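Every chain is named by a letter (A, B and C) in the order it is written, and numbering of its residues begins at 1.
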Amino acid sequence: MSRKVVEIAGKRLFLSNLEKDLYPSYGFTKAHILEYYRRIAEFILPHLKDRALTLKRYPEGVEKDFFFEKRCPSHRPEWVKTMDLRRDDGERMTVCLVNDLKTLIWVENLASLELHVPLARVGSPETPDSMVFDLDPGDQANILDCARVALILRDLLLELRLTCYVKTSGKKGLHAYVPLNRKETTFEDTKNFSKAVAKIMQKNYPDLVTAKMAKEHRKRRVFINWSQNDSSKTMICVYSLRAREKPIVSFPLSWRELETFMRQHDPEKPQVMHSNAVSRAEHRGDLFREVLVKEQKLPHL
Amino acid sequence: MAVQGIWSGTISFSLVAIPVQLVKAVEPGHVSFRVLHSKDYSPLQRRMFCPEEDRIVPPDEIIRGYEIGPHQYVLITDEELESVSPERSRTIEIGEFIDMKEVDSIYYDHPYYLVPTKGGEKAYQLLVEVMRRTNKAGLAKFVLGEREYLVAVKSTEGALALITLHYSEEILADEDITPREGKIEVEEKDRIKKSIRKMMADFEPGKYADDRRKKIVDLLKKKVKEKALVEAPEVEEEEGGGPPDLVAALEESMRKVKKSR
Amino acid sequence: MAAKAIWKGNLRWGDFNVPVKLHTAIKEDRIQFHLLHKRDHVKLRQQMICAYENKPVSTEAQSKGFEIEDGKYIIVDPEELEQASPESGRVIEVHEFVKTEQIDPLFLERVYYLEPDAYSKGYNALVGALKEMDVEGVCTWTMRKRSYLGALQTSGRILRLNTLRYADEVISVKSLELLKIPLSEKELKIGSDLINQLTGPFQPQKFENEHQKKLQHLIERKARGEEIAVLRPRRLKPTAPDKLLQALEASLTKVA
């Protein structure tokens, strides 16, 4: 198995198992994965910055076992930035912060194909930067149904003077983010707000939307998982790979694109593959940038 | 600053004061488990419980008491506790320096690092370098949490380490176990020295791993393979839309949205 | 009257075998408080509470789980944990010897005294050898189902085992990301002089647990019904970098 040394920003990194095929039915090796993340780095890093990373590692590839790692692996290089958190039970835990390219590459060398981060930054873990609507299609529903829901949600939120941005989850659903970026916002605010919105959506579109988690309610409907608005929850980071058969990416879509996909009736169309992700981002920039900077206030709370 | 501090204040010696933060120097390697409710795997939390009222008591209803007799307590508030040693709570005053070689390792309790906070970087470096050159450590008393410690501040690899020490009254006497027979068999001693010479090496702690930890991690990996994961339940939601203002606004907006579609 | 030993083991390396008995060396002195209910001073008990039901849960209804992801756990039975425990044995295996000064205090955990178990000429000879060569033995052993790493050292005429932390348990200085700031030789010289002036012999017995004594005093006063005035902690003003030389010189004058 090959081992290679690279130098990034003056630091040496040992990369291992570069020819290991981690997406065997498609053919995408560790080297390919590192190359993807290297190229997408300038777009993904601002969204990872200062957030407690949860690694999802697939050391033997997407068809074999994975494991989540919330604690920063103790065998890390000394330049990996970390933060100490205190959990509910009083225990202290050290987490990784992926704030630069070399740390991103180090994490990817550990086969953390998927990068999951919380909605709040590590310095203010109870202050969400945005509110999220995690649209998850139940059995017999698909991403196009999610698109329908997302468009209604967009219009509803616009009435309340809130702008939202949408990305594919990279699996079956969509994530709509409402940037807030205000230090007064709490998870209680975002959870209550998103819950109220989810219930109104369910009330008005009962055959399309459900706000309830229980399986029997979700058949043929899109579940708006408002409970993701919590300090203990994480979301797949935008531009992260997904551990599916093919290296599909959680990618931001414009509203126009979403409307077009809906008209085409093809649930595969909205999915973005690794190569497209890089070229689209390089061509059009970070469509999710506003999620990090736009300041909005939740009304009526 | 990458690491959150445990305490922040000033370290001083004579008229030099350096703003610092106390951070961890060691991280326990043991695998930690959460305690869960067997029936539904929801995580449990430690809380104080009043056996008389048979209920959980919130922190603002709790007070410390020192038992002076059966059911007789002297109550102490947090402010009174802190007032007992006010000078020392925010400062580590180094009164004297000692040669590290004179400190018996039996005194060492728990290590921390000190890192400089804004404005203190230069003075900090100076103390680190000077203590390194003179091979000395500073001795001070320091209150952290509820206790006052005797601490040694030493220079290590370009940083300051603060190690809490046991008070001499806490160190048990060893007279009782010291062998009465002081005689040393020289031949035996030489044999031992010979074997020591053969087994000399440089200290590399990385060579040694915690067996039990490794076995537990292997056990966990095996269980993940078998997909033996359990999930805690989601909290049940009560009926009701939410804050009335918000619900009203949402309903109004919804009407408009539906009309335009 | 010797205290009862907490464990028995055999130091072993090459052809050598030295039986010993472990004794604790530290006894911590602390004023203990009880937590009470403010209104009726009832002694509170710590309980494990189920967050959802808001009720205490008995130990029989508790399970140990390793959190692998939000809300997802791997349950471990007490029997499985038991099996993961290392084989218990009585051997304290000495793997190598190192120069005493090589072991950084950050690795040192706790000292145990070793009493010779039944007269063996090995014990005294070992004390002599270690002392004369100024070395410590690096050992591993299993005690009460836990794996230990330790340093075999001497003190006076006895042997001691100083447990050590594992390498990955000590945080490296590099992770602190300290800035390197240039210092002038003058500052370094004055600083060194100051430290040497303030140097004395290590006399730990002159340090008393004052806080403990003050706390005791506070408790006695309150028990007598006295009023207590609460003081605020004073925070020292930090020395500005350009004033550092001045402060050092002033300190030296003060000390000399």
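We adopt the following convention: contacts are C-beta pairs under 8 Å (C-beta built on N, C-alpha and C of every residue); 3 or more make two chains touch, one makes a residue touch a chain.
Predicted model, so just to flag it, every value in this text is computed and none were measured.
Student: Between the chains shown, work out who touches whom and classify the graph as line, ring, star, complete or other.
Tutor: complete
Student: State the pair of chains with the top count of C-beta pairs in contact.
Tutor: B-C
Student: Averaging the CA atoms per chain, pick out the one whose centre lands closest to the mean of every protein CA shown.
Tutor: Of all chains shown, the one whose C-alpha centroid lies nearest the global centroid is B.
Student: For chain A and chain C, what's the span in angstrom between their mean Cα positions?
Tutor: Averaging C-alpha atoms per chain gives centres 42 Å apart.
Student: Can you check how far apart chain A and chain B are, centre to centre, with Cα atoms defining each centre and the answer in Å?
Tutor: Whole-Å distance between the two chain centres: 33.
Student: Quick check: how many Å separate the C-alpha centres of chain B and chain C?
Tutor: Here the centre of chain C sits 11 Å away from the centre of chain B.
Student: Can you list the chain A residues in contact with two or more other chains?
Tutor: Residues 67, 74, 82 of chain A each touch two or more of the other chains.
Student: For chain B, give me the residues that contact two or more of the other chains.
Tutor: Those would be 2-3, 23-24, 27, 29, 34-35, 43, 45-46, 224.
Student: Specify, in ascending order, the residues of chain C that touch 2 or more different other chains.
Tutor: 67-68, 71-72, 168, 175, 177
Student: Considering only the defined contacts, which chain B positions touch chain A in the complex?
Tutor: 2-4, 23-24, 27, 29, 32, 34-35, 43, 45-46, 221, 224-225, 234, 237, 241-243, 245-247, 249-254, 256-258, 260-261
Student: Using the touch definition from the top, list the residues of chain A that touch chain C in their complex.
Tutor: The touching residues are 54, 67-68, 70, 74-75, 78-80, 82, 232-234.
Student: Under the stated contact criterion, what part of chain C meets chain A in this complex?
Tutor: 67-72, 168, 172, 174-175, 177
Student: Which residues of chain A touch chain B in the complex?
Tutor: 65, 67, 74, 81-85, 88-92, 94, 97, 152, 155-156, 159-160, 192-193, 195-197, 199-200, 204, 212-213, 227, 299-301
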